[in-house]
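Structures are listed in the sections that come next.
You will see two complexes here that share chain A, one where it goes with chain B and one where it goes with chain C.
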Partner chain A sequence: MLEIDDLALQLPYYANWWRRQWAEVLCNVSLEVHPGEVHAVIGASGAGKSLLAHALMGLLPAPYRQTGRLTFQGQPLTAARQRRLRGRELALIPQSLSALDPLVRSQRQVSWAAKRAGHAAARVQHTARQALAHYQLDERAQQAFPHQLSGGMARRVLTAMAHVSSAQLIIADEPSVGLDPQQRDRVLNALAALAREGKAVLLISHDLRHALPIARRVTIMRQGRCVETAPAAAFEGDGHTLTTRYAQALWRALPDNHFSHPETQPAPHVA
Partner chain B sequence: MPVIRLLSVRLLRMALVLLCVAGLTFGLMLASPIDPIDAYLGPQIAQASAEQRELIAARWGFDQPPLMQFGHWLGQLASGELGWSHVYNQPVSEVITQRFQGSLALLGLAWLLSALLGFALGVLAGVREQSSLDRVISGYAYITAATPAFWLAMLGLLLFSVTLGWTPVCCAGPSGSLRDEVSLVTRLHHLALPVATLTLLSTAPITLHTRARMRELMASPVATQAFAQGASRWEVAWRHGARHACLPAITLACASLGELFGGVMLIEQVFAYPGLGRATVEAALRSDVPLLMAIALFTALLVSLGNATADGLYRLIDPRLRRQG
Partner chain C sequence: MLDASGLRYGVAGQPVILNDVSLTLEAGEWLGVDGVSGAGKSTLGQLLAGYLTPQAGTVTVDGAPPPRRALRPVQWLPQSPELAVNPRWRVKQILEEAWTPPDALRDAFGIESAWMNRFPQALSGGELQRVCVLRALVPGVRYLVADEISSMLDPLTQLDLWQGLRRVADERQLGVLVISHDAALLERLCARRLTLSEGRLRPSTRHGAPPAIAPKQSPASR
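Then we have the complex of A and B:
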């Protein structure tokens, strides 16, 4: 459904106040997301995961330089096509809960999302109510303002927004951060359910352990580059089927794997 | 009954503010170099003997210590009596009612127009930062924010009244005609230039603050999320932006009532418009203590009410400020 081929992204910065220079924040990023699967992108803070999400949605603030090829459903995903497909075929579940408008009741915000996705105006409220009920949000939570919701509930409102868009590709940016285990499983299961409906889910997370149960394939990112893409099944035992040392080290460093630490390799130099 | 408690606390606070304003005004009048009796006598000052002056002073209560005078005034105020204005030779309450009717149209129109215009311009400028529209609007706002009211009023008079002859030069109606005879159209015609000047000047702060809030919102996660759902820039500005940006606009519009009142005084002076502003200047120059005190109280009341309104509206718009429960 989505192919990313050799994506590179440069963002400007000022070395001093008159000379603009470009920092390479993504480089050699290639991966494929297929319908019906959850594809996890795992990396530490600053690995470029959220930038990747925003580049896919076409939400980066100008100016930026982007090279490489994006293909969605067999056709090149240009900026114009991104604009057209956003909210209809492409959906983003954002990292920050502050993406909810603090001044608007949650049901109303989901209605707006439904309207933007092209639902008929007469039906949007019904659609929103159903979507929120689908994620176990009762009438009281639906009429609440974002500051009255718990983190898990707010996260589910954001998921409901992606749900009403009936998008084929859903990018979830750190959906489980800051949640207790029960809420986290609820949110991750909701994503797995979307994949079972035949949608493609790109799960962005720093949390390898909890992404594995629902992901079919995993891409490890580091400093703006793809380190390795491996099937989720490769992350088991001592991880000997993983081809890169970084991925192996990341896997073995988990508490369940006794924090073991194979000899580390230096980070690849990024210009 | 939290509402009643809130209201009574508010009223008590307002009364305290008014008392402070009254005390301050009284103190300033005491320190004023203008002697009320001299100001009252005017050119007849040479004809008045020392005994006559003492008679006036005794009649007005100037022979008593200042605190007694203030206490007496407070007592009268409590029974609803504002005193006698010697400048207009009328009860103070009548002067204020008459004069305020003149100012109300000027103040109200300018306030409403500047709030609406300032908000609209701010939203337009903030939607597209650094666009040519933004540059024009913020340029206009910076220039008018730095323009003195009386100067712009005089330029307006020179251009529209003297050179072009579109608007009348002064007053609230044609000279020589009684207030009741003036038609609405004529009244509006006389109001046009003062209102326009005042609006032009008080728009700038609202525009700039709305623009800043709007810019902030357009770069916030709320806007990014709306864009990710396929919303256009204008839709984000309308659904999310206007809601967020009206918070600072409301605060400013209500809090700037005091400033606007100051502007009204200057404008009324330049256009010789018979309103509360002119009455204030007259009262101060001729040391009409009861009138000036009443005007100060009235203005403070107006400003307090403006602030209270802003507080109330804030709670209505931003659910985070509402009390839970």
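Then we have the complex of A and C:
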């Protein structure tokens, strides 16, 4: 459904007021997301995961240089096509809670998403209420402004907005950050359910452990590059079937595995 | 000892968030608190750090109420670092607002000198989180409230952050209250764990087993 072929991205930064330089933030990124599967993209902070999401949606701020090929449903995904498809065929669950309009009650914001996705105007409010209820947001939360919601509740509002659009590709950028286990499982299960309906889900996360149960394949990113794409089943035991050292280190650093660096254990205690 | 007794906090017109919450945190102790979202974990953290004033109950630090107009001995480390920094300040100014951390500590937290001249929006969440944690480790701080500080970090960065924090906390005998949803992480870090639900703290019953391996020597083993 979505093919990313050798994507590279450069963003400007200013060494001083006058001199603009380009920093390479993504390089050699290639992956495929198929309908009916959850594809996880895992990486450290600063690995370029969110930039990848924004590049796919065409939401990067104006000066940037992008090379490589994006193909969505067999056709090139150009900037114009991204603009046309996002909110309808392409949906993003953004990472930042500031994506919510601080002056608008949550139910109204979900209604806007439903309207953009083409729901009939008369049904829009009902659809929004149902979607929010699906994520266990009660009437009080539905009528609340974003600053009145807890972090987990606000994230569920964002997920509900992607839920009401009938998108074929859903890019979930860190959808489970700051949620308690029940809510996290609920959101991840909702993503898995979307995949079972035949949609493609790109799950961007740093949370390897909780992405694994629902993902079919996992791409590990580091410093803007794809390190390894492995089936989710490769992450088990001490991860010996993983081909790269970095992927193994990531797996072993989890609190329920070794919680240590493989090469430096046991670290000397500095008093 | 950080001692909170009978804390009560609520917002008018809504069910009370915390109702009679008491806890103690010894110097050098690591205490874990979990609870569902909306249970009031962050509210508890802010009450302990003095960001909020309890409607009933008291918080004392080593037997006295914490000073209001001096360095706060209890520092709250928030979940979202981007909301805890001035977006118009450069990273150097943010990091050195209260003290100038030595280079060794900067290295331990993986803070690169190239970041110093940047604005906070040019750092990723995890990078900025490490800046915020190091900023709070001013000499004179006795207790830390770590409110989901590693929930947005990948496993390796999370490990580095906790190991860095563990080293400083052991060295200075800091008491650390770790607020997290991650039961496995709390088991690794904290010998004692509590659950916040329906406005009350209870001992965690789900994970009764002691931590299998501490990431570093636990305070008790020193």
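Keep in mind that, in the parts below, the second predicted complex is superposed on the first by the 258 of 271 C-alpha atoms of A that agree within 3 Å, B and C clash if a C-alpha of one lies under 4 Å from a C-alpha of the other, contacts with A are read in each partner's own complex, and residues count from 1 in each chain.
The criterion applied here is as follows: a contact is a pair of C-beta atoms (placed from the backbone, for glycine too) under 8 Å apart; a residue touches a chain by one contact, two chains touch by 3 or more.
Just so you know, these numbers come straight off a predicted model, no measurement behind them.
Chemist: Regarding the shared-chain residue A:Leu103, is it in contact with chain B (first), chain C (second), both, or neither?
Modeler: After superposition on chain A, A:Leu103 lies in contact with chain B alone.
Chemist: Which chain, chain B or chain C, ends up touching more residues of chain A in the combined arrangement?
Modeler: Result: the larger residue contact count on chain A belongs to C.
Chemist: Report for A:Leu194: first if it touches chain B alone, second if chain C alone, otherwise both or neither.
Modeler: A:Leu194 sits against neither chain B nor chain C.
Chemist: So, does A:Gln183 touch the first partner chain B, the second partner chain C, both, or neither?
Modeler: Touch partner of A:Gln183: chain C, not chain B.
Chemist: Going by the contact rule set out at the top, does A:Leu208 touch chain B (first), chain C (second), both, or neither?
Modeler: second
Chemist: According to the stated criteria, A:Val38 is in contact with first (chain B), second (chain C), both, or neither; which is it?
Modeler: So A:Val38 meets neither chain B nor chain C here.
Chemist: With the two structures laid over each other on chain A, which partner does A:Ala154 touch: chain B (first), chain C (second), both, or neither?
Modeler: neither
Chemist: Check whether A:Leu52 is in contact with chain B, with chain C, with both or with neither, and answer first, second, both or neither.
Modeler: Touch status of A:Leu52: no partner.
Chemist: Following superposition on chain A, which residues of chain A contact chain B and also contact chain C?
Modeler: Comparing the two interfaces on chain A, one with chain B and one with chain C, the shared residues are 96.
Chemist: Would you pull the chain A residues touching chain B in the complex into a rising list?
Modeler: Touch residues, chain A against chain B: 54, 57, 59, 61, 83, 85-88, 90-92, 94, 96, 98-104, 112-113, 116-117, 145, 147-148, 158, 161, 165.
Chemist: Given the complex with chain A, which residues does chain B contribute to the contact?
Modeler: Of all residues in chain B, those touching chain A are 219-222, 224-231, 235, 239-240, 243-244, 317-320, 324.
Chemist: Spell out the part of chain A that touches chain C in their complex, as residue ranges.
Modeler: These residues of chain A touch chain C: 13, 42-47, 96-97, 150-153, 174, 177-184, 206-209, 249-251, 253-256, 258-261, 267, 269-271.
Chemist: Help me check something: in the complex, which residues belonging to chain C touch chain A?
Modeler: The contact residues of chain C facing chain A are 34-39, 42, 79-80, 82, 122-127, 129, 148, 151-159, 163, 167, 170-171, 181-185, 187-188, 213, 215-217.
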